Amino acid sequence: MKKAASIVAFVAMAGICACGAFGQALSAQQKANLEASLKVDTSVLKSADNQSLIVLSSQKKVIPARPADPDALAETDPLHWYDMEYAGWNAKKVNIPQSPADGAIGKKIILIVHGDHPWTTACTLGAMKVAQACSIKLKVLSPNWDLAVQNQMIDQAINEKPDAICLIPLDAKAAVQQARKINDAGIPLFLFNTLTQADAMNYCVAWTGPDDFGQQRKLARVWADEMQKRNPGAKELDVAYVQHAPGGSPYFARCWGPMSELSGYAKTVKTVAKEAPGFDADKATQVVSDWLTRFGPGLKGIFAADDSAQAIGIFEAFKKAGRTDIVVCAAGNSKQGMDLVKEGKLFAITYQTAEGDGALTIKTAADWFNGKAIEPVRYLPQKIITKANVDSFYPPQW
Amino acid sequence: MADQAIAKADARSTAQGRFIHFVNVIGIYFAALLFVLLGFALQAAGVITNFASAQNFLNIVDNVAMLGIVAVGMSFVTYSGSMADMSVPTTMALSGIVAVQFLKVGFWPAIAAAFAVGLVIGLVNAVVVGRFKANPIIWTLAINYVCMGIIRVVWVNKQIYPDMIASTKDVSQAFDAIYRLEVVKGLGGNPLASLRLPLVMMVAIVIIGQIVLSRTSFGAQLKLTGSARKAAKFTGVNVELITGAAFIVAAITATLGGLTVTSLSRVGAYYNGAGYDFRAVTAIVIGGMSLSGGRGSIIGVLGGVLIIGLINNIMTLIGIPTLSQDMIRGAIFITVVGINAKSLRSLGRDDA
Amino acid sequence: MTTHKKLDRSGALSWVDHNRIYLIFVVALLVMTAFAPKFFNVFNLTTISKTAAMNACVAIGFTIVMICGHLDLSIGTVITLAGVVGLGLKKYVGYEISVPLALCSGALVGLVNGLLVTKVKISSFIVTLGTMTILQGLIYQITGGNSIALSTPDAFSVADFLGHRLIPLVTPRVLITLVLVLLFQFLLSSTRWGRNFYMVGGNKSTAWLGGIEADRQIVVAFVLSGLLAATGGVFFAMESSAATRNMGDNSLMYVLSATIIGGTAMSGGKGGVFRSFVAILALEIIYDGIILFGLGNEVKIFLAGFILAVVVLYEAYASYRHDRVVGQRSELLAELSAAGRGNRSTDAASSRG
């Protein structure tokens, strides 16, 4: 009996020691994983247009204090758009999972985009480049612009229990419930590209993407400067806006962003029209040629939310009316837009790197796996493309 | 009484019938005139500016040229009693993207390839709706879906650019010119007033269509098939062939429209041509062509297209937002159809 | 209601033809279970039923309209309208009032559609095309282009309630849809009122002779279509806690495909609510499998179109074959040819049809 007991005790202790040793081995492997992961240098990666794939914006965005009631302010007051523009900075994070800090190698990430489009193809490519460099297993899902399908994909993704989910929400408001579901399941969520309603940011680890408002404000200044240059001494510069699809954040950022910026920066600029003809070149042609009829030589500038189909339509209308004096700026940057800049028609566009967008979200996830501290918001670099520097952005990403 | 009503309905037989038909067609242009007068009135009232200028009217017509091309072709389908051809949007997109792809070989091979694709789609529609008598709306919706699938599977999510694929610069410029070629320059001394290719094509197609529909036996057979199908069969008209031929006509104009739209947007993509099915149906219906067939004319369809152009122009000059414009267009559409239906009922035809 | 057997075929083939949607469903289920990774588990199957629930509800009404021989193109915009009304008004009057209001707005649209079709006698294709366009504009007026979302705790609790699993595969929202499907299937197949829809669609003049007020049935069909589309839409919006401007846009082709694949035809007089439901499930199984395989949307779109085209083609061809032999009385033909083999020529027989 005593012998049996001591044998049992011995076996038990051996077992415990073995477990302890085994546990140590796991943790050592994890440490090695972490070290290798930290060594990965993503700064050498390049996107198709020979620009650096991952460049964290060097400028720090100045975050003003939140006004008590932004909605009460005028639309032309930049602070009216506070909640949209600075979404994420004031987020009260809820129940964010802790990073396991064991490196990114071998982690599984599910990337859910918003729909099929050449932009999204480029974005996914950028994400895959970084995933490959960091040895992350990436699965990409696209709901083709359908909210019900995106919800379904989120459910399926949660079921697969990945190490992280990266999501472009189809709709800024519906994002709240989507983010909440993922948060409830305990999976770290990285939102990107589309600005969401502020509440959604409470449930994600971080948001990455273009600072659309900031970019368009910058572009607006360039636009206003050129208009003033071409019309020295003019008391009033009439401008019109060709808008994005109503409801999304670009709809606001690319129309009211410049508008509210110029209400302070260039008070001679006056908005006379805004329309949302969709991304249809022939509808844009019709709208702009009617504007030219309506406003005649008084129209000095047009700001377009899209530099491909909309810009083409704009210039067809100009050609028909023989107008070459109007200053046109647009949010970019597609091949057609860059071609128009090169031809000297489009004055300036913003650089919106699709590959960089996808790359940054994976990089942020990798940083999180490596245990680094993640800022709530990370912006893509802001660049203005004009005829002078457009050649360095070829070949176009999409 | 009913017999007399039916006799009156055959516009080709009696002088009185021809006169009524004439008034019907003029009616549409009368409505168009009303809109023009509305525009003048609004201008006089200071609500809009520069409506009454030659440049503006040229713009209006120019902006609806592509819609006109597609609508005339689809009206053959409507006239023959097959209601509408809902496969037009993806026919346009597919023929456009195939053309861009074949620019690699050359300009004319690209055009030929586009028409080949369009003809295949038209032929399939012709056989299934003509011979097998499938419901035209449902079948053409299904084909629309299938063609969209083909585009998406073959080109996945890529857009292709004419200037990057074309074998030589001349080829890509030729493709670009489909939308932009100025056939007649400097009208009336004004260097800006020029007629571009889409507009010229539309005028040509309207003229050809009107002649075919009103003066050839093909047109007569279409009319009979559309208005009284059984009677047509018993008088020896090959109803299946006629019904099918209408779809081929629609596919040809859809291909032309697709080439033009693709040339305009300078990209081969799956979304070229989106929305053209509903816009064409609206134009056809406003133009007085009854959706049950056998009633209306190509000149009427042109009138419908022009009315749409006028409405768009006036609404944009006023500054009404685009999505509100959709609502107004929908309301006008239903009203016109309702008026049409009521006048048809008085003639004894129950279905509009 | 069993459909009138149109095809002159052997018993087994006609059974297959009659029940093809159930066979398609079973085959799809088996194929996906066998080959799609991680398909056959409670979670995934529940996801399928949840995703199918909205369109299944809409399909009930759409099927009834099609049985009457008409088309309702406005269902997509009614879905969006109901979501927008239901969620948009919740802030002011709570779900208790905003949801019934949303349902009423759907029914109202259906009423307008029905009256325009029956009283003004415009074809349903045109009418519903027009109402669809008008509703799109109306929705824009209401929302200004924005979506509506609720982030209040009680909104989330309703959303969570609608989406939590009651029994495996069934959540409360799925349950609502199931109950409605079974209810309407019962009404349509076993009550006189329900069977009248088939009569109206099958042969209007016979229906009149049988004392059925066709106009009233058609109006009721459209009202039901609007009401059920609104039901599907508003519950979907409640579960997402959001109503986007175009949430209903994809439903039209989805529901139309499912209804046709399920066996209802534009010629009217045949089909069934339960069949459309099974068709939606079958399609959803296929789409879900495609996602699990990791295949892109192009495969999904192509398959969806291809299946619909094949079904429409098959129906058309079958009808064509039927028309070739309709009216021919086989006994007479047999008699004639037997006699003809004897002493008379078969010219008389071949001059028929």
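We just call them A, B and C in the order they show up, numbering each chain from 1.
By our rule, contacts are C-beta pairs under 8 Å (C-beta built on N, C-alpha and C of every residue); 3 or more make two chains touch, one makes a residue touch a chain.
All of these numbers come straight from a predicted model, not from anything done at the bench.
Touching subunit B and subunit C at once are the following chains: A. For subunit B, the chain with the farthest CA centroid is A. In whole angstrom, the spacing between the mean C-alpha positions of subunit B and subunit C is 30.
Subunit A and subunit B have Cα centroids lying 40 Å from one another.
Counting partners per residue, subunit A has 116, 246, 276 as the residues that reach two or more other chains. Along subunit C, residues 140, 145, 296-298, 301 each make contact with two or more other chains. Shown for subunit B are the residues that touch two or more other chains, namely 152, 156-157, 321, 323.
Here subunit A touches subunit B in the complex through residues 116-118, 120-121, 246, 273, 275-283, 285-287, 289-291, 293-294, 296, 308-309, 312-313, 316, 319-322, 335-336, 339, 398, going by the rule given at the top. Residues of subunit B that touch subunit A in their complex: 48-51, 53, 55-56, 59, 62-63, 66, 152, 156-159, 161, 163, 179-180, 191-192, 261, 264-267, 271, 274-275, 312-313, 316-317, 319, 321-323. The touching residues of subunit A, counted against subunit C in their complex, run 116, 139, 141-142, 144, 146-149, 151-153, 155-156, 159-160, 170-174, 176-178, 180, 197, 199, 246-247, 251, 276.
Partner subunit A is touched in their complex by these residues of subunit C: 38, 41, 43-44, 47, 50-51, 54, 140, 143-149, 151, 156, 159, 236, 240-242, 244-245, 247, 250, 287-288, 291-292, 294, 296-298, 300-301. Of all residues in subunit B, only 83-84, 128, 131-135, 137-139, 141-150, 152-153, 156-157, 278, 281, 285, 291-292, 321, 323-331, 333-334, 337-338, 341-342, 345, 350-352 touch subunit C in the complex they form.
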